[in-house]
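Input: structures, listed below.
Below, subunit A partners subunit B and then partners subunit C, in two separate complexes.
Moving on, here comes the complex of A and B:
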């Protein structure tokens, strides 16, 4: 068995034709090790979501090959691809709109198991209870509808649904971007816990550098559908090689911490000294 | 990191927060400790009924409509007379114990004729809605699903249908097909499909772009499952609302056609026929116009109340 659960090579996708063609994904290759997380960073419109959808074949890529768990899953018809859906799932940005408003959350989580004819009614309901418990939602509320939950809870329900088929690989498409900062932390921690316990592999798409730095093992940075930088997380954040990455990291608005303020003060003094020495040089 | 320290809580006040203590320990089964409510089945319908019940006018309208249905379909037994039974000596009587709504110029019992009219009104209006909806929903659904040139072409035809006066088209159709009950609801159905087509198309267009449809596809659902469980339940509300307004519109069209002598063929009674016949002697014998008009007006009002009630439930989520 290959070390990499996912190997996507030279993925390409163009939207539109002629003058208005947009290369949303332009020759991106990624490899993710089992149980690891690859973060994809980029501003809106950089093609990161398209890449995620191409890998899951929710959008048909124009070119490139995708190997999942050692098997080539690109270039085959959707009907042959379909069995792979059990192993690869997605969590969406908007927790409310990705839940069917006409299904109670219990039905929503049970539905994938019904599609795949897993177990009988009783064992499926037991599994629903287990899953809700796992994501921190009271299983007694399984008859409630999505609008009865807060955004954070809805995202937990989405996570439970994605886990219902025991997938190996999950694409998180801006999975915490629509949530409050405090809830974001909870969901990110939940995702990391689940990864540890279930051995999940994540492709974590985000524009939030802090979150990606926190949970990704490797980071891929995209701009206008092209690869900018692809390296282990630490290296990217400590030692960014491209101008774009440096700008991206510098553009994060951060609350000034004590350390920040000290550094700033030191910087100011250093500059003052520089100025003073320049003056004395002119005078001298 | 132990699970108990890393499992996030749900924030203050979240009911599940204290119960969800993280991952179930090996061997423990959470369903042992707590009973899980049943979900699915009729739960959604019960919830809708609870919300509908809050609107007293809508409930009253529904009660009236159910009563009208009962009368209409048991008219053969409930009505005191047959609608064709004449009794010339008792012509043009006003309300009495024998004839609650009085009699017409041939001595026919007006109450019975109003009752039988209800049956014709219901058959014509529901029949026309069924035809209009079947044709319109199919065309709209195909148009919305597949899009492209087909969609553009279909929607232009719909625009033309909207631009053409419905009444004129009805007259042309009735002239071509001849008067009668069947003609009536087929003609009204044909003239009303465009509205349903436009509605269903719009609903499907917006429903199929929802994230939950993509999520369902990602979970491995086929097209049939997506349409049945994800798209239809979400568009059925607006369709029900449209039907609840389409039925009285059908009744109105039938009565209007009957009023100008192009609807049901007398002696078959229809509210429009009765009003039309009674208008000649309206000043001498106002009961000829009063009772059918009152019944008809109340019926339209009841449908409007029910329609409003349904719109309150399904209009917003």
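Moving on, here comes the complex of A and C:
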């Protein structure tokens, strides 16, 4: 068994023709070890989602080879690829629009098992209970509908659904970007805990550098479809090699320190603009 | 610490704002007694978890959400360009319509859904300026092009005739800012203006907003999930939770001595750079159903320090560090 659950080599995808052609992914190669996380960073339009979709063959790459779990899964017809789909799932950005509003959350989580004809009704129900438990949602709420849950809970439901077929590999495309800070952390911790217990492998696409630094083992940085840098996470953040990466990291707003804010205020006073604050009328 | 003590009239002074929605599950109290003041030239940040009433409070005072099932009370005194303060909540439709988009500019979270996809961007900006009498047919194009240039859109004459889908996310957000600033507002309300953008573009947009603030003498209310953004760019911060203010003070106050356990929990749940190898903990539990709010302090079910007093009594405003404008609504401020 190969150490690498996923090996994608020289993936290419161009959209459009002639002078309108966009090389969305231009010769990217990645390898991800079993049970590890590869983070993909890059500015908007750099090709992150396209790469994720090519790897899952949700769109057909124009070139390159993909090996999953030691088997070549590119260049074969979709019908032959299909059995792999069970093992490769995807979680998207918007938790609400990825759930069918007319299905109870229990049905939504059971649905993939029904489609894949796994188990009988009873064993599937049991699995739904188990999955809801695993993502921290009370299984007694399985008859409730998506709109009855908060954004963070909806994303947990999506994760439970993605896990229902017992996949080995999950592409998370901006899976926490629409959530608030606390819920982001909740979901990221959940993904990390599940990885530990189930040995899952993730391709984690995000424009949030803090999240990627927190959970990824390796990071790939893309620009205009091309690889800029690909290294272990610590390397990328401690010793960024390229100007592009350095600029990306420098653009992340950091939590300011008191000293920093004091200096800023002193500067303002020097320029004759004191600080007026969010004075509440309650102060009287 | 030096503080601005001159009593210049605030641009916006909201007192006792209540917003409730009538629904099947009962009365949903989205905003439950909000006070806030924005001084001239100041940036006020509103932060807090999803569903805490940040957007609803701003959209209600400007009447941008449906009225049918909404009860709104309180006052929202706005200082117009004529320097006369008027209560937005007591205005007729027409008067408010004259202020909205003119004296008060808006930038919404999703530029794609707030720009008309079938209309060229130049014409969209021009429409508002003509409507509010900020330009004439003869000079409107020139003014719009100058504005596009000001917000950093290269080749503005060319972009004048572009459709929204032909622009990148960052450029669309610049167009939104240009539109919001087109009638020389006194107040800019920006709801998650950079959430959909990548970090490099985010920085450009925030810096643009600050530059515009200084050049045009604007005040800004910035609603954001991004705590470092709020703390770096805002002068005052309002921390909201489940419809109520938990804490208010300057960015410096909140960073150097956060007074509310909620503020502290919110700050420490943030996955900023440098957290690798540590275990960052989210705030335990979920925001309560706004139809069934907890008694006493509404944060008490999730607060590690809650006592019987917290369960039974609504906390008053407590001054932190003896500062009259750093207020914490907690029985036991940190």
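We take it that the second predicted complex is superposed on the first by the 257 of 284 C-alpha atoms of A that agree within 3 Å, B and C clash if a C-alpha of one lies under 4 Å from a C-alpha of the other, contacts with A are read in each partner's own complex, and residues count from 1 in each chain.
The definition used in the following text is that a residue touches a chain if its C-beta (ideal position, glycine included) is under 8 Å from a C-beta of that chain, and two chains touch if they have at least 3 such contacts.
Computed from a prediction, not measured in an experiment: that's the story for all the values here.
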Once the structures are superposed on A, label A:207 by its partner contacts, choosing first (subunit B), second (subunit C), both or neither.
second
| said: Applying the document's definition of touch, where does A:189 land relative to subunit B and subunit C: first, second, both, or neither? | reply: both
- When the two structures are overlaid on chain A, which partner does A:107 contact: first (subunit B), second (subunit C), both, or neither? first
For A:248, is the partner it touches subunit B (first), subunit C (second), both, or none of the two (neither)?
second
Touching A:265 in the superposition: subunit B (first), subunit C (second), both, neither? second
Scan A:26 for contacts with subunit B and subunit C and give back first, second, both or neither. neither
Quiz item: Between subunit B (first) and subunit C (second), which, if any, makes contact with A:69: first, second, both or neither?
Solution: neither
> If you stack the two complexes on chain A, which partner ends up touching A:153: first (subunit B), second (subunit C), both, or neither?
Replying inline: both
Overlap of subunit B and subunit C contacts on subunit A, residues 150, 152-153, 182-183, 185-186, 189
Touching subunit C in the complex, subunit A uses residues 42-45, 150-153, 179-186, 188-189, 207-211, 213-214, 233-234, 237, 247-249, 251-258, 261-262, 265, 269, 273-283
In the complex, subunit A touches subunit B at residues 56, 58, 82, 85-86, 89-90, 92-94, 97-107, 110-112, 115-116, 125-126, 128-130, 133-143, 145, 147, 150, 152-153, 156, 158, 161, 165, 182-183, 185-187, 189-190, 192-193, 196-197
Note: in the complex, subunit B contacts subunit A through residues 1, 3, 6-11, 14-17, 19-20, 22-24, 29-31, 34-40, 43-44, 47, 210-212, 214-221, 225, 229-230, 233-234, 317
Per the touch rule above, subunit C residues touching subunit A in the complex are 1-4, 8, 13, 15, 35-42, 44, 49-51, 168-170, 197-203, 206, 225-229, 231-232, 235-238, 245, 248-253, 255-256, 265-267, 269-276, 279-283, 286-287, 317, 319, 324-327
